[in-house]
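Chain naming follows the written order as A, B, C and D, and within any one chain the residues start at number 1.
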Amino acid sequence: MGRNRLEAFSDGVLAIIITIMVLEMKVPHGSDLSALRPLIPVFLSYVLSFVYLGIYWNNHHHMLHATQSVSGPILWANLHLLFWLSLFPFATAWMGENHFAPAPTALYGVPLLMAAIAYWLLQRAIIAKQGRASLLAFAVGSDLKGKLSPTLYLVAIPLAFWHQWIAGAIYVFVALIWLVPDRRIERALQKKLGRDKA
Amino acid sequence: MGRNRLEAFSDGVLAIIITIMVLEMKVPHGSDLSALRPLIPVFLSYVLSFVYLGIYWNNHHHMLHATQSVSGPILWANLHLLFWLSLFPFATAWMGENHFAPAPTALYGVPLLMAAIAYWLLQRAIIAKQGRASLLAFAVGSDLKGKLSPTLYLVAIPLAFWHQWIAGAIYVFVALIWLVPDRRIERALQKKLGRDKA
Amino acid sequence: MGRNRLEAFSDGVLAIIITIMVLEMKVPHGSDLSALRPLIPVFLSYVLSFVYLGIYWNNHHHMLHATQSVSGPILWANLHLLFWLSLFPFATAWMGENHFAPAPTALYGVPLLMAAIAYWLLQRAIIAKQGRASLLAFAVGSDLKGKLSPTLYLVAIPLAFWHQWIAGAIYVFVALIWLVPDRRIERALQKKLGRDKA
Amino acid sequence: MGRNRLEAFSDGVLAIIITIMVLEMKVPHGSDLSALRPLIPVFLSYVLSFVYLGIYWNNHHHMLHATQSVSGPILWANLHLLFWLSLFPFATAWMGENHFAPAPTALYGVPLLMAAIAYWLLQRAIIAKQGRASLLAFAVGSDLKGKLSPTLYLVAIPLAFWHQWIAGAIYVFVALIWLVPDRRIERALQKKLGRDKA
């Protein structure tokens, strides 16, 4: 089974998730600029989730690029990841509409945490299929960022009940460390291509 | 006519169905965790339908993989399947919002049943086009699961009016027996590829 | 410019239109079967529009299959067609929710009529690009169905104000004459492929 | 990294944006034609935004066609463009529902302006990757339209508070000057292909 249809389906789901989030930004009834003020936290949550989904799409793209073939477990690990990503619009809207209240801010961390775990499981499934000597296994290496992120989410979720701004700052911080695209895989790919040509 | 555009269109529709279901999980007005409690049945219905749609996508993928060319009847059999799958969000939301009340739980079985029949019709249309000696006909064989599922739905639908939890348990059970990906087609494909190489 | 991205974009838009229509079938508040009764006209409208969009997707697929290259006018003629098709969910919902009242039933014919004209314009744009001796020009021929459909819509729209069931019957009739896939193009293609091989 | 998945994802997002806009055209409760009257400004806003998104899709298509490979900055510049385009449905609905009131008409210009800037940044990112001697750099040339559009939006936004119809006229005017497809890139491509063959 090729990886093309897996990519196409994931692209479709990600494109829809990233776009329907904007439907949660309800059009206000008033017609002056002040009617937009209550939407500011909704907009900020939207920006954060858009960046997160952009990061996932980007890294997902890189990871599948280093994947030669797709097995049943990879397929279901991928659907499992998409499931948690599909909850982003709900968590984003609840947090935004409640102006970063403690419980919604804590809950926002749950799909973030579960998606990070699901991404790690997908990575494992691909490496299991291709062998530990594979390109992806080599590229991922110690996977510092992949281990740091869920740890930070686990810290942020309870902290949200104590002071939600710290949790929010952690969510933004994790997004920033991932905004740098996953050069590890790109470099490993280029090295390998260099070796193959040589 | 190639099968690529059929796959792309089906992927698109399935990706949208699986994603808009989450829109039925309405953002609650309260901002504490107890506001999420009434959403638990909605969430559970969402998980079940997500798994069902994942199974359909997975098996659809395998079936088309064993299909060489697409005819008019295949095209319409495929649209017929997508029609019943498109009713999943409605049935899921009605069942979830009414906390598994009898009538919505019974109705949830109707698109499940019709989609199972539509899938079987699509399989017939593909085999009719390719001949009974085709790879797919060989792979499908006696098709035990494909015959068991609609039978179980037919049992579950009236049972829902008597005790809805039995119907729910049957829906979950059918999903579990399908979660095992359709190895029959995969094995037949691999055998054939082996023979072709030899 | 290739026709692949045009196909992919059209497939995406059509997949979304066909799927979001189901969002207009609002989940009822009651939890017994009688709560579904007011939804029956909405469901019937949905079925009719689903069939129409399936026909458009099917014929669009055939038409682009006979198209070698894409020009600016073809691109915009295609977007023009997608625009009118995008109004199907609105017209469908208005007609369904008002139980086939005269004005909504008349209005339902407007996107049908405009989409038929837009399809004809797209056909013209493709033939203009490829020359009157092209495969598509040959396949389309006198285009009886393509001329009959808008005429019938033009008759149905005013009739809806007098007796809406006649208009509804005409809409169903036109769908039925199109359900037969466009064999003309398929036959012309096969003849040509036959000649090319010979 | 190839440009195919970037195109597919962008196509998906654009197809969804262009289609969910129609969801903002709420089905009216009345069943006579007069119930449609308040929807006229919503419809006109929809047409304008549909044309704008069609222009972006068209030009995006041309630009990526002249792009050989995709880098991290190109990927993020593209996501940045999609972000601002994703706000079109919101801005369109607010302007339409308030019948072109001053503040919503001014705000409509903001995603237009930001998308124009994002498009320019994406163009820069592609040229930066391919070198100033690249085909795209040559094709874009002095980029008169690309510089005129944001200037006109910057003029229209404050004018909307003084007399909103002038702003609306500017938005329509910019759409009209872009409706002519970007022949520069097409011509440069054809010239180059001609040279390559010679």
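The rule is short, and it goes like this: contacts are C-beta pairs under 8 Å (C-beta built on N, C-alpha and C of every residue); 3 or more make two chains touch, one makes a residue touch a chain.
In this text the structure is predicted, and so the values were computed from the model without any measurement.
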{"item": "Type of chain B:chain C copy interface by residue overlap (half), same or different", "value": "different"}
{"item": "Rotation in the CA alignment of chain A with chain D, degrees, nearest 5", "value": "90"}
{"item": "Chain centre separation (chain A, chain B; CA means) in Å", "value": "27"}
{"item": "Whole-Å gap between the CA centroids of chain A and chain C", "value": "38"}
{"item": "Multi-chain contact residues (two or more partners), chain D", "value": "8, 12, 15-16, 20, 23"}
{"item": "Interfacial residue positions of chain A with respect to chain D in the complex", "value": "7-8, 11-12, 14-16, 18-20, 22-23, 25, 27-28, 31-33, 35-36, 47, 50, 54, 57-58, 61-62, 65, 179, 181, 186"}
{"item": "List of chain C residues in touch with chain D within their complex", "value": "1, 5, 8-9, 12-13, 15-17, 20, 23-24, 72, 75-76, 79, 82-83, 86-87, 89-90, 93-94, 97-98, 101, 103-104, 107"}
